[in-house]
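Look for chain A in each of the two complexes below; its partner is chain B in the first and chain C in the second.
Up next is the complex of A and B:
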């Protein structure tokens, strides 16, 4: 034993000291601090709307990218219940709670499509074509089947061969307008689920 | 956000004391799950995925309402469905539905078992949160959890579980699941208020013939910040194996308790013994005669 020289002893203690000093100077991994995930809605644009599914018509808060600045394109990234809405007071059902994937669904219908009688596929058409076709078919049917007077000669002005199914989540005002349009044509079969 | 650490009361695998001057002066938070009001609609499951930007795989139907089959790294909460034929009511079928997920124990087994510094923290408001960037994916938190909650992701090999929406709670909001619940089976507030609400519910249930109705806030883990109202508080196992008296397992307690100082003492004693052996006996030295004997032995071995 006692092979260690004075020089070796100094070298070992010196390098140990240097190593621990380096660690203290910040070359060792720092203490990781914990934090919660940043709140993602802080300055997002909040928009009120009504759930599109059933006639309960729960109130929604939709959060979209940006603050409506001219150069920011809005895109909804979160939807939750509206706590100020008297119908649901912030709650939602599983379908409503998952609306964000409905908004961004790749299967979402974004434009009018038409499937010809006997065809097995849908084809995209323009809004003008769609409106014109619907209007033309409605007019044809109405011209052919409109009943102005009944058998007793009383004026009835009814059109019984076409029905109208309107939205389930319309407001009273939208329901009122839909009602006026459809009744003025003489349609009797009409469901608007106007319960909002 | 480094100052956030001031609201941390416990930190995994850390011997230095976390700054604990700040306390939850107005009470800790708690989620109360009233299984007697739950209809199993799973709005909470959807709201959880939506808020936390998770999307689980579309699984397969195995003939029940429970979907997915188990908690995953993407499904932090799960409605567990149990069908119970109650002998006390002539074998009537009771559909016991329990929202499963992290219980946010006051004495968290996951945090105790975790060997990665700062991978699991406990905030002053009672939330137990995983910090995935510090997680080493060892899975000890799963072994340490008395409720079998954390799940390791196969994608990044880190552990995930319910955060009690710590990001929402930090800005004063309720967790996403609580907000969505359409029947009011999930309620949120201070732990004190939730106990009060639970007591009212239990009283109501008892008046309706559920004599064993009660609150589940197991003392074995120091109480939890997620509590249940159960119709059968005397038999929590009925609810898909909710443990009656959950405790941190003995192995975890021993391993993180007495074993550590004992092992440390063992290492120190070994080093000390080595040192004394060195100065008393000295190193093992060989002489010329030893070398010759070894050479002769080698020769003999070589030539038989």
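Up next is the complex of A and C:
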């Protein structure tokens, strides 16, 4: 038993429960077991993650279907607490317990969109159009308003007319590259959710 | 957190104040339950509401929102008056014996050096007496009248139990009972942990509330010990990491600050930050500043950062003032900003005074929103009826909205409240065409670089020279970025003691910040993370949860900054000879040759205790400070000031000084001062907060959470409900001088009326989670009501104490 993996354990308990209830209904267990589908989690891919909400950082197990073959797309269908995690020991709160519906929220954004000045609607655009426009707007504003020297003639190299707020749940790696890019442009109006 | 989540189980006493862990951090709160069940711990909760944390407390005390310094100052007064302090700790590990300058003074709520016109202090007198040798004067006998501890005694003698009751509304007997419980942890064998959150940060005196609590802990010897500490329960999964990485207007990674305009000279910039010891033999670790700074510049600008150009010092912008969120939105409201990028942040909902925010965003030329969800900010130009009534045709802002992946769709590390860097793995592709934040920022950069290469433009050097060594320039991998912020050798690093020996080969990951150099031969994008991805691989991905000592340290689970240290200042858990104060919960100890234990020592590992190096190695003093010197804007000791919207309109502690009603050194813009309301019009004290079932403004998009808590409500006490004729379930209008919301009234005994200096004051509770987008029923943004003023030091908005009026609709 101690050598058994979590997945084997689920497979055995799953089929045992199904087998015994089928036996109660009068089926022959030997025949019935061959018919029973394996418990869904047992053929899922298990991925370790951490909760994106508060800072307790509960460990998560995410279960997805899709076997990582070249053109198979994985989809997550279940998320639960990671029992190995020293902080949450497998538990989740009402927020974390609903995470599967965050991943699959109908309000997830799927495409770049554009709202023209004065308009009351979005229009879908391509990534190429979106990124070209953002880069162009930023360059125009930076070139027009960059301050190389202040009134006293001191070198200050700053750009004050465009600002940015960075995320609160993005990874260190996303935060690091965001800071590197934004500061190289000379931006000072730069904060993250920690300010609030 | 100075400590970490699991360590809470080692506490003998838990004080939850300025937070509500049971509801906002439920799985972390389990460790309080664990301490109660298995360590005979007792729990104290001090809060305006009888929260779910309070419902399992041994003692609950009500307090008026915004008066925590009066309460904690009262605790300091009690500990000093009754000699309930850990004496050895206070004498040896704090600045209690340091002598303060003669011209330092405090009178009627104001410190020496106040300039009312500038709303700022000249802080020259807020300093120790410094001798000709550069060291501070001390008196270890504590007899000198200007010893820090004697000034403290004098300062807090005004904070009597009667004064606490008048200001806070906390019954005197309850306050004294709590003081007595807290004082029990002044022994070497008992520890108290303090758990707080935005209930302390979101005040105009928030930083000083936290300082005041830290002073209580220092008097009791509860900092640096297992089961103790000052434990900030951070509100989002990686604001700790993003703060560590310096994503704040005046910061660089690793708590390095940007240069001011006046700091034109690189050597002086370095000298000011390479702080020299203020006492003999002290480590004053910031003396290594240049190693951290040069390694950062090498990570960002590679070969273009040279000794000749001062490692690209001029590539960095210089600051003339703080461009925090409130300052920037005020500039935007004045029409002085053109563009804004919101990455995973919803400022229309998260910033104060929604009317001002809407006006400000409407003045932008362009807004770029990157988010996994439909935020209110991205749709600020659209009419949502009573919840957001705007005319789209009059808003000329161009908006570009980019879809972003969520946590489940990326690899990477987050830093939890306990400073653990934990790696996580991708489980699926993002929906539709959504991309990661990394891909978006990388492509934005490569496009800008190309435009500057082709067209030139304003000061292109820092853009063109940015080091971009990633295999796929538009798609750097999380692994590449993590290795870069951790640190690498740029040449073969030779052992200074034996130059025939190579310590690290060129390109090898570094084991820790001790290996960083100031000659351009190392890179590290964030020195405090150095070693997280070390020569032996990615330590953030470690998953060994073994806990051999049983005190919950799990040193091989993930990696904790700095240096995989789990409890900061842990040297202070031992006496001056290096013997643990409490052998039952040993973190570190001196074995005659080196420091050993269940944690990475916060000390030089082979420094003999007899050398007298203090345990607070980052401080110039080598010890912890009660006296903040010039490090805080409003004074060296925390002092009670009323919230900017006060139900009293005066400060009971300095009744005769109108300039000291509210924080005299907090910044407030004129239009925002004019938008403050008075108690005559808005008699009730409001405070905002989170619920168990929701996270911020996200989970209203999540079906399960939208079902469990579908509709906006506010909480009022039965006394107020009776007074205004409201029954449970009625709809009420809550107004401030900045706007109004309407919601269902929950009438509860959990919020009681308080007697404040002879006046009855009601508290109104406002959960924050609703808005005009999402699956839950549409609601009003709670920050319609809140004032546009922040903490004097951090500029965190005062969301936790402001004035409203409640009426039946």
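Please note the rule applied: the second predicted complex is superposed on the first by the 117 of 196 C-alpha atoms of A that agree within 3 Å, B and C clash if a C-alpha of one lies under 4 Å from a C-alpha of the other, contacts with A are read in each partner's own complex, and residues count from 1 in each chain.
Following the convention adopted for this analysis, a residue touches a chain if its C-beta (ideal position, glycine included) is under 8 Å from a C-beta of that chain, and two chains touch if they have at least 3 such contacts.
Every value quoted in this text rests on a predicted model; they were computed, and no experiment measured them.
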- Item | Touching partner for A:40 - first (chain B), second (chain C), both, neither | first
- Task: Kindly classify A:180 by the partners it touches after superposition: chain B alone (first), chain C alone (second), both, or neither?
- Result: second
- Query: Touching A:69 in the superposition: chain B (first), chain C (second), both, neither?
  - Reply: neither
- Across chain A, the partner (chain B or chain C) reaching more residues is C
- Message: Which partner chains sit in contact with A:80 here, chain B, chain C, both or neither? Use first/second/both/neither.
- Response: first
- Query: Which chain A residues come up in both lists, the one for chain B and the one for chain C?
  - Reply: 79, 81, 88, 91-94, 96-98, 100
- Inside the complex, what are the residues of chain B that reach chain A? 1-2, 4-5, 8, 11, 16, 41-43, 45-47, 49-51, 117-118, 121, 129, 131, 133-134, 163, 166-171, 176, 179-182, 184, 278-279, 282-283
- Note on the structure: Seen from chain A, its contact residues with chain C in the complex are 45, 47-60, 62, 64, 66, 73-76, 79, 81, 84-89, 91-103, 105-120, 122, 127, 130-139, 141-143, 145-146, 148, 150, 152, 154-181, 183-196
- Item | Contact set on chain A toward chain B in their complex | 1, 31-40, 42, 78-81, 83, 88, 90-94, 96-98, 100
